[in-house]
Amino acid sequence: MPWDRNQMAERAAQELEDGMYVNLGIGIPTLVANYVGDKDITLQSENGMLGMGPFPFEGEEDPDLINAGKQTITELRRTSYFDSATSFGMIRGGKIAAAILGAMEVSEKGDLANWMIPGKLVKGMGGAMDLVAGVGRVVVVMDHTNKHGDSKVLKECTLPLTGKGVVDRIITNLGVLDVTHKGLHIVECAEGVTREDIIKATEATIV
Amino acid sequence: MPWDRNQMAERAAQELEDGMYVNLGIGIPTLVANYVGDKDITLQSENGMLGMGPFPFEGEEDPDLINAGKQTITELRRTSYFDSATSFGMIRGGKIAAAILGAMEVSEKGDLANWMIPGKLVKGMGGAMDLVAGVGRVVVVMDHTNKHGDSKVLKECTLPLTGKGVVDRIITNLGVLDVTHKGLHIVECAEGVTREDIIKATEATIV
Amino acid sequence: MKKVYGSASEALDGLLHDGMLIAAGGFGLCGIPELLIDALVESGVKDLTVASNNAGVDDFGLGKLLATRQIKKMMSSYVGENAEFMRQYLSGELELEFNPQGTLAERMRAGGAGIPGFYTKTGYGTQIAEGKEVKTFHGENYILEEGIFADLAIVKAWKADTTGNAIFRKTARNFNPPAAMCGKVCVMEVEEIVEPGTLDPDHIHLPGIYVHRLIQGDHEKRIEQRTVRQKETA
Amino acid sequence: MKKVYGSASEALDGLLHDGMLIAAGGFGLCGIPELLIDALVESGVKDLTVASNNAGVDDFGLGKLLATRQIKKMMSSYVGENAEFMRQYLSGELELEFNPQGTLAERMRAGGAGIPGFYTKTGYGTQIAEGKEVKTFHGENYILEEGIFADLAIVKAWKADTTGNAIFRKTARNFNPPAAMCGKVCVMEVEEIVEPGTLDPDHIHLPGIYVHRLIQGDHEKRIEQRTVRQKETA
């Protein structure tokens, strides 16, 4: 059985170590926060906050307190606020230990595409280009294939890049792959998924 | 009678207009603050403060509150504090309307030298290079000649420069001169000082 | 040094011209200068270039200036929440210069700090880097990005004293300080204007030197994505 | 995430090596990391390059590290108050890289923000510009300055919580935030360590992410120029 969204998030949470400052992207990466357990993790929201707390209780929403996904959130005792230039200074300056991000495509060289489909879908890169360029370790969480069954783990990305050679680890519904100099290395398979299943679902070179 | 230190400071204070943010250098420029009268002037201290107040009363000195000359000072109701990068951001970014600075030498092209005498006296430029490069209007206050009677207002500076083509106006003990494309223009003579006295004491071209 | 004005329109009086470059604070709908945006709509100024991370939503924030076609070009990082923005861009009616979010913030801060250009790794090897100078430092490649020098900055703070010293609240700070810094003139709207001496000088987020005109007003502060959790029952 | 250490020496343990680059906060004797400087003296680490606006005075602050000849090179803007500093420099015993004060602050901030180079007008046409790349923007000439990436930052704040969130007091802030930012590791000394939640999240000057180790101690806070005025008698 391939992993579902929550299982992928749970697996991604294992990437995080005690004491880390971490940035979680929108979508499945946001769910990772539910699985950090006892680990002392400080979440950055790149719109200007360290120490992001959970969603507020109904009626306690504050329009001045949102995350990078524009969702209402809460603060913690360790929280600090700062402006966007400072926020991305810490991202670009390598102060954030890890980022867990979604992707449209990823390549065996660690290239990442997640910000636009030319002529069709234009969201913009937001802070993703800064994150992949600056953060210590970049982990991508995504479905292994698209709805047509085509691999999203490619030899070369076909979409405009978010970053070149920036991804360290890929967590998909099928398993975990590391980007190495020679190609992708299978680290782990989801329960009931075989290496062969992953190789079959992957266009990129597996080593 | 040439102006004394206080008269030079008083004359320099006339350069300041209501609402201006101003940086005053060490020495005679510091005295300018005594002559701003009713004008609403906010003084910057480049070590991280806008709204610099007077010296503290005895016993009220605070080691955490000093000006760029390392002197104990006080705050005002309008005061704000910030770090050195922000402080020089506002200087370099042209947010300070005027700086009044001392000089060792100044040239007819507006070159300024006030930070070192090679092999002899090395103080360092401190914030002076940033100020002359960034501030809206640079006014220099200095004695017209050195103790040997040699002109300090020159065709070319002989000392290492603080800035090239940065001085707008020169206030000396003899009068006030503006830097123009063609040379120095006498704006005003100290009481009892003639244009001829200034020309005689000046090595630079007077137009 | 009179900085306090009676209304957003008064505060913008004499500052506007067609084709100007405006830097706007805010992220999504959080901390946006809503009153000044409304006054820009009223003013009819056009052919604007606006540097702002987002463009609001269709009927709120900068989305209003897109609806009236007063904006010729946006410099932004994200258009995802704004259907009309995306439509005008895809149809070619609107120019859009995509800036990575951190590059946009740093370009504003740089402009305000007298820095015309800086090097960043962000975007190297992507289409963002096309046409930009590349330079190698310590064996890595960086691209040159330029400071933004805006004709006008419009920003929103929580409180300011009458000399313009301002504080922001929580994540509503975001792009407001860098936007304010990069404006030749900066107009700020706040929820409350207070007397000098009310705010602790150590707590000022944006010193008054960056703020030229100031208004106080009521803010809608619309929430874009209301997300909540349930109280656990005992 | 244990950040609090028992003493300055403990906090520096394992972080020091000869020839390293240290960025230090403080301006004059104001806001200097006096406890950490003393611990550096004790450690005997040598051939240091120190980026700091000043070098203290002869018997206090970084002056102590000059006296013991542990410093090979200073990156500073001002040596005026330190006779031994000036003497070592003029005799050629000490390397000194003069940096305009704002350039030094910006180089630290840039290093901390992942910016390896930026252009500034400051120093153009002076000996500071010698050997530096010149580039023209909007018809004006600027020189390229590089970010400082220090092996270690030593800084002093007023208070910090146990996660490293720090606040500074008045003009003792100065170079401390940019110095902290540019250190691969940053060790901070404070007058008081408090529990998380004690400091208002909107008032944090330096978020804890920049602070790796933290100590609390008594500070002499020497005044360099005691200037006072007289109370007017009625």
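First chain written, first letter: the chains are A, B, C and D, and each begins at residue 1.
Here is the rule we go by: a residue touches a chain if its C-beta (ideal position, glycine included) is under 8 Å from a C-beta of that chain, and two chains touch if they have at least 3 such contacts.
All figures in this text were calculated on a predicted structure; none of them were measured in a lab.
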Quiz item: Among the other chains, which touch chain A and chain C together?
Solution: D
Quiz prompt | Of B-C and B-D, whichever chain pair has more C-beta contact pairs | solution = B-D
Quiz prompt | Taking each chain's C-alpha mean as its centre, the one farthest from chain C | solution = B
Quiz item: Any idea how many Å lie between the Cα centroids of chain B and chain C?
Solution: 35
Quiz prompt | Centre-to-centre distance between chain D and chain C (centres being mean Cα positions), rounded to whole Å | solution = 32
Self-check item: Interchain centroid distance [CA atoms averaged], chain A/chain B, Å
Solution: 54
Exercise. Compute the distance, rounded to whole Å, between the mean C-alpha positions of chain B and chain D.
Key: 27
Self-check item: In chain B, residues with contacts to at least two other chains
Solution: 75, 81-82, 88-89, 91-92, 133-134
Practice problem: Give the residues of chain D that touch two or more other chains, as numbers and ranges in rising order. | Solution: 106, 109, 113-115, 120-121, 168-170, 201-202
Quiz prompt | Which pairs of chains touch, using the document's own definition | solution = A-C, A-D, B-C, B-D, C-D
Self-check item: Residues of chain D that touch chain A when the two form their complex
Solution: 1, 109, 111-115, 161, 163, 165, 181, 195-197, 201-202, 204, 207-210
Self-check item: Interfacial residue positions of chain C with respect to chain A in the complex
Solution: 27-31, 53, 76-81, 86, 89-90, 98, 100-106, 108-109, 120-128, 158, 168-178, 205, 221-231
Exercise. Provide the residue numbers of chain C that touch chain D in the complex, in ascending order.
Key: 106, 110, 113-121, 135, 137-138, 140, 142, 146, 167-170, 201-203
Quiz item: Quick one: in the complex, what on chain A touches chain C?
Solution: 45-49, 54-58, 60-67, 69-73, 75, 81-85, 87-89, 91-92, 111, 119, 122-130, 133-134, 160-165
Quiz prompt | chain D-facing residues of chain A, complex | solution = 18-19, 21, 40, 42, 44, 50-51, 75-82, 88-96, 133-134
